[in-house]
Each structure stands twice: as C-alpha cells, then as structure tokens.
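Reading through the structure tokens given below for one structure.
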Amino acid sequence: MTKLRMGVIGAGLWGNNHAHTFNVLPETELVGVCDLDEARALKMKETSGALHAFTDYNALLSRDDIDAVSVATPDFTHTPIILAALKAGKHVLSEKPLATTVKEAETIAEAAAASKGKLMIDFHNRVNPILAGVRDMVQAGEIGLARHGMARLSNTTFVPFEMLSWASKSSALWFLGSHLVDILRFILDDEVVRVYAVTRAGTLSAGGVDTKDFHVSVLEFAKGTVVTMENSWILSRDNPSLVDFKVELVGEKGQVQADPTHNGGLRRVADGGLKYSDFIGVTPTGATRIGGFVLESIARFVDSVVRDVPLLADAQDGLANTKVLSAIEQSAATGKAVDIR
Amino acid sequence: MTKLRMGVIGAGLWGNNHAHTFNVLPETELVGVCDLDEARALKMKETSGALHAFTDYNALLSRDDIDAVSVATPDFTHTPIILAALKAGKHVLSEKPLATTVKEAETIAEAAAASKGKLMIDFHNRVNPILAGVRDMVQAGEIGLARHGMARLSNTTFVPFEMLSWASKSSALWFLGSHLVDILRFILDDEVVRVYAVTRAGTLSAGGVDTKDFHVSVLEFAKGTVVTMENSWILSRDNPSLVDFKVELVGEKGQVQADPTHNGGLRRVADGGLKYSDFIGVTPTGATRIGGFVLESIARFVDSVVRDVPLLADAQDGLANTKVLSAIEQSAATGKAVDIR
Amino acid sequence: MTKLRMGVIGAGLWGNNHAHTFNVLPETELVGVCDLDEARALKMKETSGALHAFTDYNALLSRDDIDAVSVATPDFTHTPIILAALKAGKHVLSEKPLATTVKEAETIAEAAAASKGKLMIDFHNRVNPILAGVRDMVQAGEIGLARHGMARLSNTTFVPFEMLSWASKSSALWFLGSHLVDILRFILDDEVVRVYAVTRAGTLSAGGVDTKDFHVSVLEFAKGTVVTMENSWILSRDNPSLVDFKVELVGEKGQVQADPTHNGGLRRVADGGLKYSDFIGVTPTGATRIGGFVLESIARFVDSVVRDVPLLADAQDGLANTKVLSAIEQSAATGKAVDIR
Amino acid sequence: MTKLRMGVIGAGLWGNNHAHTFNVLPETELVGVCDLDEARALKMKETSGALHAFTDYNALLSRDDIDAVSVATPDFTHTPIILAALKAGKHVLSEKPLATTVKEAETIAEAAAASKGKLMIDFHNRVNPILAGVRDMVQAGEIGLARHGMARLSNTTFVPFEMLSWASKSSALWFLGSHLVDILRFILDDEVVRVYAVTRAGTLSAGGVDTKDFHVSVLEFAKGTVVTMENSWILSRDNPSLVDFKVELVGEKGQVQADPTHNGGLRRVADGGLKYSDFIGVTPTGATRIGGFVLESIARFVDSVVRDVPLLADAQDGLANTKVLSAIEQSAATGKAVDIR
C-alpha cells in the first residue's frame, strides 16, 4: 500500500492532534509540520515523528512528497493557506470554521470546486458518538419532524483567558457556535434560513481579551424547526467541566437530549470540588490505534482521500456555516432578524 | 381572633386548592364557593366544608360576611370578576396571569389602587423553595450581575389535550410563560425591556386545540441580562414528568441552575418507564397544616391581609407580566423585536 | 382551645428546631427550655420566646404547667431524661436514636407502656416528602415485593469534626444509620431479622474524634428483602452536599430510587465549586406556619397528643431500631452475621 | 508485515465482535470461525469474511495456519477449549470469566504457564474509558487510599429471559460480577481477602430460568478497602437502560464516581418512555478502524502478541477472579464470611 503523505500546518493543541493521528494511522506518513514559531515547529516534528519542520507554509506546500495537508492555524488565518494548498493540488483538511467572512468562504468553495484536491472541514462532532446517536435517531424518524430545541456550547473563562492566545480575534460564536451550527445542520439535514441574536461584552474586555462575552441566538430552519443557541465564554471556572455542551430537540413524535460533557459519567470529588471528566474526545488505546472522536474525524479525511468515501463535511458545509455565523453577528449588531439566502 | 371570611370563585383544580387552604388555615373561614356549573360548585362546597355554594359570582360578592375572594377561573375571564370584587371592597387573590390584554391589566391596576381591598396575584413560584433559593442567591450577590440565562417551562401534550378544558383560549405562553416571566423579574429584581419571539402551530390545532404549539423568546432586561425562554405544550408524553422546568443563570461571579421537576429526587421505574415525582408542590401534612409551596402562596395572601405583610406579587407585577407576554405575541406575529416601555 | 404547654430539653441545633416549632404552632405554648449550659439555655429562651430557662431537667419536669417535653440532647444521654419525664406523666418527643443500648431501649419501652404520657421518636424522614413518596409507592404495591436495595446516609468529615461536639461518643451508624434503619422498616413495613457488617477506623481518630469512620452493612428483612447500607462520616468536603442520601429498591414489579440531597434540584456554581442546596428539610414560610419536613415531624407529635392521631414512631419503633444498630456493631466486632429476634 | 492468523470459537453475540475486530485490524487475518451449530458458524464466516468455518474446535486448533484463537463460548465451556488451544501452542484470548470453578481456573493457569502461547482474559472494562479514568485517578493518588465503596453491575430481566440462551447455567454473579471483581482489582491494584454474600431466588426460576435472582456481597481488600457489590438479573424492563453500572469509591483524600450507563449523556424520549443510550461500548468508525472499548480490548490481545506489550489481564487475573466469585457463592450458601487465600 502506498501511504498518503501528510503535512500539518499549525503546531498548536489541535495541530498536534492531527500530527499524532497521521503518525498512528497505517494509511498515512507524516512528512512535514509547519509553524511560524520555529521552536514549536521543531518540537512538534520531534513529538510526532515527522520527517521535516517548516516555518513557511509555502515551503511545505511546494514539496512533491506531500499529498495532503491539515490546516490547524487560528480561524482567521485559514483562507490564504487553504487557497495555496488547493492551488498546489493538495488535499486539504481544514479546522473549523472554514473562514470568518462569507466572501472568503465563497472564494474557498470556488477554489475547492476547481481543484483536483479534496477539501474537508474538521467538524468533528459529526463523529462524536453522542451526537451521532442523535443524528441517527432523528434521521430514523424516531422523533418525527423536530419542532423546537435548544443548543448550548459554552466555555468557562479559562478558554479565552488562558487556553487560546488568539481569543480576542475570535469569539465563543466563531470558536464554539461553528460546531453547533454544523451539528444542527447535520442532525436535522436542513438549512438555517433566519436568525436573531443578542450579544453582550464587558467581562472579557475588562480582562484584556477584547471580544464578545456571549451570543444568544434563535435559529429558524427551512423545514420549520426553531432552536435557541447559546455560545458563551464567561462560564464560571467553578463549573465541574470546562465545557457545557447540550443539544435537545422536541419532535412531533418524541424528544432527544444529548449532554456530552455534564452528564456525570465520571465524577471526581477531590481538591477543588466536583469535576466531570470527558472520556469520549480522546480515549486511550494501544500504540497503533487512535482513540476518541476528535481523532476519528481526522481519520475520516484519510478515508475520503484513500478510499474515496464521502467527506465528513465539505466546502459547501463550511460556507453555509460561515453564512449563519455572519448573519448572527449582523443580527446582534442591528437588533433585527436576518434572513439567509 | 376574628377569622378572615373567604369566598372562592372557580371550582376547577386550582379553585379546590384555594378552598382547601382556607379550610385548613386557622386564620380563615371558608364562607362561599362559586362556579358557573352548579354541580361543581356543590361538590366543592362539600369537599371543602364551605358554608354556601353559588353559581353567580355577583351573588357571592354581595355577601357582607365575605371579606376576601380568590379568583380561580380561566385566565381570560379574570377581569370582570376582579373589577367587581375590588368595587365591592373585597380583598382579592387572583390566579395568574392577571389578565390577557395590557388594557385589561391596566384597568385592574387602576381599580386596585382605588380600592380599599388588596389585590395579590398568585405567582406561587415565588415561594417554590428551589426558586426562592435562586432568588436568595442572586440577591445576596453570590453570582454577581446575571449576564445570560435560559428558562424553560413546558408541558407534555397531556395538559392542552386532556387537563385543561379551555386550552384553546390560552397557550403555553400565557399558561406557563406567565410563571417564568414573573419568576425572572422576581429573581433578577429587574424589568424586561425588549423581547423577540418565534412561534409555531400545527400539532395542537391538528388535535382540535386551536392554539400555538410553543413560543421561543429572547428577553432583555434593563440591567443587561439576556434570557432565552421556552414555553411549549407539545412535549412528548413519554417524558418522565408532565412538566419540564428549568431556570439557569450565568453571572459575573458564579452560576445557579434550578431544575424543580426533572431532578430525579424521586424516580419511579414501573409500568410505563421511568417517571419523576413532584414532591414540593403539594406535600402531605397533618390535618391542621397546609403543605407545599402552591398552598403556601395562598396562605401568604392571608398573611398580607391579616398581618399587613407585603403582598407576594401585586397589581403592578401582574401588569408588567401581561405587558411582557403581549409583547412576545406581538414579536412572534411581526418577526421583529419589540421594546417594552 | 387550651394550648399544649411544652418544654424543650437540649439547646443545640435540633433543640432550637423544636423550640421554634412550638413557638409557631397555634396549638402549643413554649413554657420552658433547658440546657446544662446556662448561657445556651438563656439564649434559646430569648430566640424562641420561651417563658422560662432551666439548667436542670428535673426542675423543668417538676413544673405542673408543662404537659409535654422534647428531648433533644446527645444520643447517649436520652435514657434518664426520658424515664424521668415519663414518670412525671409528661408526653415525650425524643430525638433519634431512642437509646444506644438495647437494655436502655427496653427499659424505656416498658416505662412508656406504663406511663399515661405518650412517647414519640422523632424519625422525621417518615415525613420527608421524597421518602414518604417511596413509602406510598411500595405500600400501594407499585413495585411488588421489594427484593433487594441499597441505602446510603453519609456525611462529609465536616459533621464529626466541626458540627457535632459529641461525635466521638456517637458514630455515623448511630447518628445516620438510625434514620436509614427506621425509614427502611417504615417503607417496607417489615423487620430486620439478620445483619452482617464491616467497619473501619483511622481517619476520624487521627483527627481527634475517636470513633468509627464508617459501617457497611447487609440487612435481611423478614419478608426476604436484602438491603446494603452505608453510613460513613469520612466523605470528602469537596462534595456538592454535606449529606449523601439514597434509598433504592428493586421489586418484583418495578423499582424506586430516592435521592433527597444529590439530585441537582438547585445547583450553585460559585466560589468553591458546584454545590447542591437542600430545599425540603426547612423551607421558608410566613411567620405563623412551619415549613419543611424536619419541623413537620415535630408538629406530628403535637397532633398525636392534641388530636389523638397515631404517633409517627413509637417506643417499639425506637426499640427495634436500637436492636438493629446494636446487632450491626456486634457483627462488625465479631465478623459474623447476627440474627435479631 | 506478516499478519497474525486468527480463529474464533463461538459464534454468539460476542464471538461476532471478535471476528469483526480481526477482520478490521491491519495486523490480523481471520482464518477460521467455529460453532457447534453449523448454520451459525457459516453465517459468521460470511459476515466476518473468515476463510473457513468449523463445527469442531479441535479441527480449527489443528490448523497450522492459525496462530491464535478467541474463545467466546458460554462461561462453563471454556476450560477444555482453552486447554486444548494452549496445548496446541496457540495464543488464546478467553472471554470472561476464565472458568467457573477454582480447580478449572488453576488447571488453566498451570497450562498457560507451561505453554508457549499467551493467554489473555477479555476483561474489557479495563479499557472502558470511564473506568480507565477511575483507575488513573486512583493510581495517581488523587483520592488517597480507597476506604469504602459500592459497585453495581446488574441487568433487567431481558438478559436472562431473552438475550442469553444459557442463562440458567450462569448467573448475574458470574456473568456480571466477574467484570466488577476484575475492575475493582484493577482500579485498586489490590486483592479481595474476605467476602460475605446473600443471595435470593424465585423470580427467574418462576420464569423458567433456574438460577439465582441476585447476589449482594461485601468485599474486603488486603489494603483495607471495603466495597458492597450488587449483581442482579431482575431489574425492571422499565429501566432507561438494559444495564445499571456504577463504581463509587470514597478515599482518604477524595471520591470518584463512575456511571457508564445511566449518566444521561444521550436520552431518548419516545415510544416507551425515557431510554438512555450507550455510546462507548461500540462506536461507529470508518471501515478500517474498530470503535469502542469492547473491541479495543480485543485489539489489545493482538498488541500483546504482535508487539509483546503486557496482556490486559492474564491467567492469574482470571484465577483470582474465579476464586472471589466462588467464595461469594460459598458465603451465600453458608451464611458465613469466607476468607480467600
């Protein structure tokens, strides 16, 4: 078997997940890693077993011995990298959101259509087993048409203040809402046609991160489903989990409620109060297998290139996602509901 | 001690709670009960130990041996009864919502101000111990200023289809949302200044109850708090409880989450699946005491008349409540956010 | 109405609950309070509105203007006080456990049978609405014969180390297990006939409280039900609640699960992690009513004296309870199961 | 890479999991499958892509082109098959429990020590991510020495009455308790030294399955930990899950609580009440990867043979497990605690 030769651009937390996955999968070989920060690039090369480290993504993209690349840089930097990669004929796995403006997302979608390379967006919650269960249930008709619901994906202040260096250039809406909008489209197999949103600022900016504290939105889907969505970055650090994640739907014939992070599957009561543990994102496995849905999603990209199975989420999914998030920002700014064409 | 002499108008489920309470409390004597349906009036007279039964509320109100009355008729019938009672100088305890139009609520508020009788609205969740705990926590500053939140009070289809004979003249918004809007005003000590709402119909009307299936709303309060609110009458009957009730707030310094009905304090696993039991609404006590917050609320009206302690909720609370609910209906009809003066 | 004239012996946390209740109930007048510590006695007199304070319980018992007394002193001191009160012809409400040896409990039971005074044991969980719900369900046959179950009533180390001054003279078994054994007898309407138990020590004694850390027991009931019981005083203070309380039963036809304290009805996420709030023990009410089941239980004693309704729990219940707890200690000491006649 | 050539003996539910895994893993080739029932053997051959089907396990074991075998037959049939496989020099992966008598387990352990083949017992909960999290926490010292705990692994009557054809030759103790005893040994890194147990029969035998309804046990470990264990096969079918699984430990410094099946991560409210979904046992993945811990455990056996990493659980683990379960049966039969050497 000829292995798929991979490059990873961006050596942050998630770039390392990509690199680890390509190192473990039998179908892939990790050729190069890249980061603007040479020390980070070299460190990821070492921990992941890559052959080469780069500080210029163009240098990586110019290699003939690289077939496909992951783009795991901050949200707002994706566009030129993806465009260059597609132009170079590489297959591309982009972190979410695809882009932070509709115009950029459209340009990428056009480039993807014209390129011989495939483009997948890493909306990994599509293979989160809890949410995949919701999708299966809805698609099987168990709840009938979904009539209304609520969706929450929020973080404690730890994320904007300590985990993300570039939080001020993103927001809970883009960082977390992108997941929710995608997973709702995926579960409902439907498009958002109208949004209304309210936002507030103050807590994060007072702490030196100049972005919105939260967005609260109402999403209307084409088939009639109405969902309230909360994306906040100001949850208390006293929470039992860094993340509060819920998707609940009320249908004509039944309901389904997913709670991937606050469900109490594993509760730790020790120094500092009650804490819940995540056990489905990354799970331990033997040395030759990946474990957990966040790595499974990356592996699905390899499947789609090597075996030509459908992409988990494509450029049109990325574009639709960016349209919804942009409309939410517009609604929050104007105080008016926004229709999405 | 001279006892407060009571009348109860409306012999439905809730009228019977009023009658039972006045029969038990040492400060009250139940003189008369009234219902348009003579059989129901006579039955309540018998079970509650009232002295007289009436079918015309004016006859009851004309009695000199009645000091105060409860109005426990359907929502949309309150206004003429309350106005007549206040005109007759009676103290009045009205079920919620006070009235279903702003104009009616304003007329009642004016009449209450002019009457020697007191008017209390029976927003009993103000003494729901779980929600009173939330109020105490927020008022004590434990979470700082509330920044955002969610509130849900919804029923399975059992309520509109089987429990309420007049469901088509009400809705989940008026029947349930009235509680939520009140309890949020009470907890936050703040007023709603702007609302946006979406509604849908179809399930209830297909079943012969011609009203909205649900309203989903975004409430903005004067101090900046943003709360999403769900009021639905189409929850699945497969739910473990008839009611799904949640109030959650994220504040500057902490969070609080109340779940009065789905918290699993008492879980029954028997014929028909898992069911939760309510144990705080009405609780068993000895024969000379009331038990549970829905009766405690009624007793607070007696306290306010007999001992001159503050009303649990007054005409202004009732008016403010009706304004918010009316604005939600207006927003849902126009697709635009509505400001409330 | 002639009021029942009350005395309260013991001015600790629970004595004050008795005094408060007798001050509020319309049927009672609080005549005297008593504590070995004069300052505590005087303080309780003041806060409760009692007429007199005593430091010698015999002085209180010698009063002709006292009809009934509450004994709310530490567990191991009950016997002489109860015997003196019964001899004086007073009605007696004793805190639980009735006595800490079978011989003492038998002596009390004989004295109660011979006295014109009534003796009730304050097993207040019989009116805990959640557990009363379990009892109702079991007695109604909803789960059929209970086959097996688990019961837990445990505290964090806060209780032995900081709340109870006399913890070293009691244990989680006597302080908490007494509640569980009683409520299981009450729910199942059955008697424990055989026990096996294991205990350990070390954590509490290392902290200066020389008693057992926990007892783990297996209870066999006459009708065949088998229940594991845990009573621990070494739960982590990082717990969301001071108390962990569960009663679960698997029956021939269904199951029932009660979780009065860890059910998440009210969750506080603020300084120090997630905390649950109790809201059914003592709940706020107007000034002339008591609230919460721990006070309701005290009121039931008044009902039984004034209206001659059955006692919530009598001397035989107290004796049976002490027999079981003593047998558990014997089993833990010998490593053998103990039959109870 | 030379592939490990596998055989699977037993074509039930679990045998098919083994076959599927060996078909997917890149390191293995599924050569033969075997079942006494030829139709089942042929069916598994077809669905799993095996090369050959057998009805006599000796025929399968005599093949030189098979390096290793899985034994996935009913519990009580393991011994002769494992002995024959070890004698033939095959590596063996045995389903749990290893054997149902101490004598058989000892014979197997001796044979394993003498064979060039490796023997692993498929205690897959060692890689259940929730329980692996508990193990990690305990081994890291986060809760200090575990002082007491509870463990429950029980099924609704569906399992003995409808899922298992050989339930009358097993019991909840052997089928489920084997998992719990193993996982407690694994988490605590300790041995059970003394047990006491109570059992009851009646419900299952009345339904035609002549085995015990449940065992309730107290386990004492060498380092002092005391754990109550429940294994029941008579849970109500009205439960939200087929399985009720809990492991809770109270340590010197903290507590940990695992609830793999009733945690509400995915709740379905539809036809038939509230149901929870399992999402960690088997999870969907791409066609070339396995998913879920029950398959991961099987893959670990391959790791141990191919890469010589330690076995997940070896013959000594299987022997220790059988000793504890046998002692529990002996205690339940005699009414006395049993020491385990």
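Couple of notes before you dig in:
To keep things simple, chains are lettered A, B, C and D as they appear, and every chain counts its residues starting from 1.
Note that in this section a residue touches a chain if its C-beta (ideal position, glycine included) is under 8 Å from a C-beta of that chain, and two chains touch if they have at least 3 such contacts.
The chain lineup, named per UniProt: A, B, C, D = Gfo/Idh/MocA family protein.
Fair warning: this is a prediction, and the values are worked out from it, not measured in the lab.
Of all residue numbers used at the contact between subunit A (Gfo/Idh/MocA family protein) and subunit B (Gfo/Idh/MocA family protein), over half are used by both chains, marking a mostly same-residue interface. Two chain pairs, B-D and C-D, are compared here, and C-D has more C-beta pairs in contact (counted per touch definition above). Centre-to-centre spacing of subunit A (Gfo/Idh/MocA family protein) and subunit D (Gfo/Idh/MocA family protein) amounts to 36 Å, using the average Cα coordinate of each chain.
With centres set at the average Cα position, the gap from subunit C (Gfo/Idh/MocA family protein) to subunit D (Gfo/Idh/MocA family protein) is 43 Å.
With each centre defined as the average position of its C-alpha atoms, the distance from subunit B (Gfo/Idh/MocA family protein) to subunit D (Gfo/Idh/MocA family protein) rounds to 54 Å.
Shown for subunit B (Gfo/Idh/MocA family protein) are the residues in touch with two or more other chains, namely 143, 236, 238-239, 253-255, 269-271.
Of all the residues in subunit D (Gfo/Idh/MocA family protein), the ones that touch subunit C (Gfo/Idh/MocA family protein) in their complex are 143, 147-148, 150, 152, 154, 196, 198, 200, 203, 213-214, 216, 218, 220, 224, 226, 228, 230, 232, 234-236, 238-239, 250-255, 335-337. Across the interface of their complex, subunit A (Gfo/Idh/MocA family protein) is touched by residues 236, 238-240, 269-275 of subunit C (Gfo/Idh/MocA family protein).
Within the complex formed with subunit C (Gfo/Idh/MocA family protein), the subunit B (Gfo/Idh/MocA family protein) residues making contact are 26-27, 127, 129-130, 132-134, 137, 142-143, 253-260, 263-271, 277, 279-280, 283-291, 293, 296, 299-300, 303, 307, 309.
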